[in-house]
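For reference, the structures are reproduced in the following blocks.
Look at the two complexes coming up: subunit A is in both, with subunit B in one and subunit C in the other.
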Partner chain A sequence: MNLAVPGSLRTPWMIVKRLAAVPLVMLALATMVFIAMRMLPGSPATSLAVGGGAASQSTAEEIAENEARINEALGLNESLADQYTTFLHDVATLDLGRSFYGGNDITKLLGEALPATIELTIAAMLIAVLIGMVTGVVAALRKDTWIDTTTRAIGTVSFSLPWFALGVLSIVIFGVWLRWLPVIGRIPNALDYHPFTNFVLLDAILQDRPELIWPWIKHLILPATTLALSMAGFITRIVRASVLEVLSDDFVRTARMKGLSGGAILRRHVLRNSSLPIVTVLGLQFGSLLGGSVITETVFSYPGVGNLLINGIMQRDYPIVQGAALAIALLFTLVNVVVDLLYLALDPRLRKA
Partner chain B sequence: MSETATPSRLRASFRARRLGRGPLAAGSWVVVALFVIVAAFGPLVVGADPARGTNDTLLPLGAPGHLLGTDDLGRDELARMVHGARPLLMVAFLSTTLAAALGIGIGLVAGYAGRWIEWGLMRFMDLALAFPSMLLIILIVSAWRPGVGSLVVGIGVALAPGLARLARALAAREARRDYVLAAKLGGTRSPRILVQEILPNIAGPMLAQVVMTLSVAAGFAAGLSYLGLGIQPPTPDWGYMVQAGQEFLYSAPRLVVMPAAATLVFVVACNFVGDDLRDALDPRSSR
Partner chain C sequence: MEIRDLRVEFDVPAGRLPAVAGIDLDLRRGELLALVGESGSGKSALSMSLVGLNRGPTAHISGEVRFGGRNLVAASEKELRGVRGRDISVVFQDALAALNPTQKVGDQVAEMIRTHRKVGRRDAWKRAEELLGEVGIANPVQAARAYPHQLSGGMRQRVMIAIGLANDPAVLIADEPTTALDVTIQAQVLKLLKRLQAEHGTTIVLITHDLGVVAEVADRVAVMYAGRVIEQGTRDEVLFHPQHPYTMALLHSVPRVDGPHTDRLPAIAGSPLTGVTRPSGCAFAPRCAFASAGCGDHMPELLRRYGGSGHLDRCLLDEPARGRARAGSDSQAVAP
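Take a look at the complex of A and B:
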């Protein structure tokens, strides 16, 4: 795994440059969504009109009729260049159109779904870091015992985990058999939640409704842990390596001589030194985490962007698919920028060079 | 001669004796082998038709004539489990092959050609990598039409850039070596140099990476078929079986547990086998 810090981030000027790249990357991503939707074999209208393959019983006239309707709604009758201009204009003005079914404003749908996905991924990252730190430190301190071997074996698995299988099995164990945790949705309907920011924690504070918080956390635990496990494996390996490396360094010996306790050494030196690679992993793995959230949200009927995307695909609701894909790409790009900027905050060496 | 050198160079870097060391690696090899055997020959042994519904719906485990019971449409669960292994294994294998062909092909050309060809090809790969792989696959599959073919193409395309990067780096290093220069001066044409000189020399580390890609592909294949973007019903498939079974979570959790556990065990075993193979193929990469 390449954990090298990008060499381009050396001066504050680089921060500006990095931020300036965001619109360019976004343009490229938006263009890719545009192309994916229009240039692949079979026009989207045809594939949407025929039906995604599942249960396609429509007659030829129905298909033709659907196709015409979809073509018109999407402006697919215009020239490709016109379509592209319109598309970019719509994206830039956040006017993503309305869904085929129900005629909902896509921007509004995304405004509700994005916060849910952000909550889920942040919770997953926190859990991953927590699990990874604890297991990594324990594995390093118990190096070459069975604990270490087991932890490293679990770390190997993190290359790819079938999220849906994990999620569904956790639903069966904790939801169906033990009945400890809720397995569906984000917040119970009975709670009468009136979203303002759509971030539950923020709304609970703003609207002074602390009773929202616990049910919300309970709904987050299973999906976030499911999502966190694959990332935790990476973090375990990194923390273990950092701890082993740092423990053999001179400054730890000095700290020991100064009479610092093991815990203090761990906090002050080891964790600080492993924070940079951890942030790197969080950044590198965020794309995979977002991809996993698409599946996890579907498993838990969690109302995020991934769920929106999949429902859009299943209903062949093309504007929803496009909007959700753009939102995921945007989130991905922004997180990559944040990770790059975090390097600067965490590693002073990069700042002054 | 380079023709005879091809297998021997790979063999020289392959440490077969390092395979299957430790209970975990050995066990994983057994598990993967078992799954392959079941997928290949299971359907011949299990007589029942996995797609034929009966009136005996939701029979429990151990029901007479239905060892694993039946699903909500009265279809034999054992037959569905056995047949359902095929799509996952097939998609994982085919998409990895496609990713390897695309990735190694592009990487070789980019690394050997250098200059603007390299720049163009690799920026194109960067663009694909700027997208979360899962989203790329979902877009490709849904814009086309869900099924094994589009899933193989989607996963193959999404996983190719990672392999292309490695192939480019390795090929660029080899392209500067004396033997390549000698072949050039000897008048060997570029395609021949690529395939007969450079490819055999990057085969070891490349294959190690391809093997790791296999388990990633298996993970994607399972996840997307769960989403309903894989092989279409009535052909049984573990991912789709889990999705369909979720409706009966409380009355018949086994409909979900069996295919989910099978998928989990298979993908996890693939991870260990991949890790083990990589150690044997590319000893430098082991931690």
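Take a look at the complex of A and C:
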């Protein structure tokens, strides 16, 4: 008997190894953001000193004086090395500091924005997978017919549409002309939403407020679909290629030999085996989805991390940019850990490594 | 099962490739028929078309496969689904590729059972374990829970056979089941097939290019060349009294342990027909050392000529010429 150790026994160890890499990735990323922000022209002090309402009347001397005071107050007069160690220390103790503007606690800001972004990206991912899988499988099964050609053409178009164009277009069509859906924000103020976890669905359940769910979904539809379409077009192509490849595999012939119907072959043999490349794509594309969410959130005034990030960059609000970038990176890393775990769940051959 | 004028043609860029060019063959209940030929001779195309596994937009299948009172060539896909896996099943050659990499072996056997019988999940799994034991897997309970990649090549081939046998089919088509295995495992798998034939009364069609395998297990042999059966008969008739020069040449090309040692193995000169167009006469004539002018006219019928009652061939040579050919192919110099 030549049986290998069942893979499931080794799987937890792989998870530990993958998670152990997360802090290293975060450190590298924190460092890069730290440097990048300080390489940008303009400083928060200038921005603050000039940006005040009275700035136009101030003399150059007064501005310089203000800048010095602000630099002192924000700790920006210290050497870069000192700033860096302070920053790392803060990150390590999960203290992301306060915004240079208004002094809001950044951990708290992210606590509100990150769930919104997670909702948006997950909704987009679900829509993209649903559309992409269905169209991809149909295109593969109807290979070289007009259905296949049309599906692929639409996929390519949606794959090449930029997010902002799609966003603005959908706002004009569904929000302004048809007035079907709201186009701004995440949940109407009138609903008197008191966030607890900041995940609306979770809060609606915890606080027993089902009336929150439908307005929340209505606000999510346009931005999530905008974000999803390009990914869906991409997934269509991957799914089609992958299903076609699996269909020509020997074990599909075995399934036919067993007397299984076409539907059963698709469900039990083709889909699972063709989902590996799809999962890979999901992990990789999640990065660009996060990038797209920055744009989409801006277009739809959606209160997520992307919105926070853009405002932070505009105002040279270092702590906000650093915090938002770290949050996005953490999300991306975690999603890719999940993707790796999905691999293991889907393909037993990978479990032995 | 009776096969009548079966033709399988595939659309290829150059035209239509006749993989099977009109085959008449009877399968007798409980026998082990070996289908022998070089690669490209049409033996796989023939066997796949018996259950419509090579149906597709580029395949043209005609003729008759009479089985259980109907013609499987004309049967609908739905009808065929009821036959596949239940009455006729196939053991494929590369078991690693033919098994689903993401399913436990036990599930793949159980699926075969549950496709054709109303059996609960747990009972089907139990039966799968039994079947794995029956095909000689030492630890069937453990093996059922393994994935294909965790098993050895021989065990995977046994799993394939267990799947093939799951519903006790009347006919089992084994498509080169031992090609990927080393010699000792090969012998075990052949022995297993022979045992199952005896115990279950299963009719087995064994596709092979290995005459050693044929000598070991076959009851009857059909030799294929260029999409046709050119000789058929009992194992002893075909192996010891070959009638067709191609069979003789094939037998001659088997290296013998007690034979003379040469630098080159004996081979049949020329190469088999693979093109879209076929000559009007005997397909083997261009490579045949004994061909005469008449061989180019038309393909000889598959008839009993000089052999035993069931020993048929497609060759125009008369008996003395066959005797000379038989003697000649033994002493013949190694072909270039």
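We take it that the second predicted complex is superposed on the first by the 283 of 353 C-alpha atoms of A that agree within 3 Å, B and C clash if a C-alpha of one lies under 4 Å from a C-alpha of the other, contacts with A are read in each partner's own complex, and residues count from 1 in each chain.
Everything that follows uses one rule, which is that a residue touches a chain if its C-beta (ideal position, glycine included) is under 8 Å from a C-beta of that chain, and two chains touch if they have at least 3 such contacts.
Given the structure is predicted, the values throughout are model-derived calculations rather than measurements.
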Exercise. Tell me which partner A:292 touches in the superposition: subunit B (first), subunit C (second), both or neither.
Key: first
Quiz prompt | Which partner reaches more residues of subunit A (counting touched residues only), subunit B or subunit C | solution = B
Self-check item: Touching partner for A:148 - first (subunit B), second (subunit C), both, neither
Solution: neither
Quiz item: Can A:161 be said to touch subunit B (first), subunit C (second), both, or neither?
Solution: first
Exercise. Pick one for A:169: touches subunit B only (first), subunit C only (second), both, or neither.
Key: first
Quiz item: Looking at the overlay, does A:256 come into contact with subunit B only (first), subunit C only (second), both, or neither?
Solution: second
Quiz item: Which of the two partners, first being subunit B and second being subunit C, lies in contact with A:346: first, second, both, or neither?
Solution: second
Quiz item: Which holds for A:105: it touches subunit B only (first), subunit C only (second), both, or neither?
Solution: neither
Self-check item: List of subunit A residues in touch with subunit C within their complex
Solution: 1-4, 6, 249-251, 253-261, 264, 268-269, 272-273, 346-349, 352
Self-check item: subunit A - residues contacting subunit B, complex
Solution: 25, 28-29, 32-33, 36-37, 40-42, 44, 47, 50, 52-54, 153, 156-157, 159-166, 168-169, 171-172, 175-177, 183, 287-288, 290-292, 294-295, 298-299, 309-310, 313-314, 321, 325, 328-329, 332-333
Quiz item: Any idea which subunit B residues touch subunit A in the complex?
Solution: 24, 127, 130-136, 138-140, 142-147, 212, 215-216, 218-220, 222-223, 226-229, 232-233, 239, 242-243, 246, 249-250, 253, 256-257, 260-261, 263-264, 267-268, 270-272, 274-275
Self-check item: Interfacial residue positions of subunit C with respect to subunit A in the complex
Solution: 51, 53, 80-86, 89-90, 92, 94, 97-103, 111-112, 115-116, 138-139, 142-143, 145-147, 149-152, 155, 163
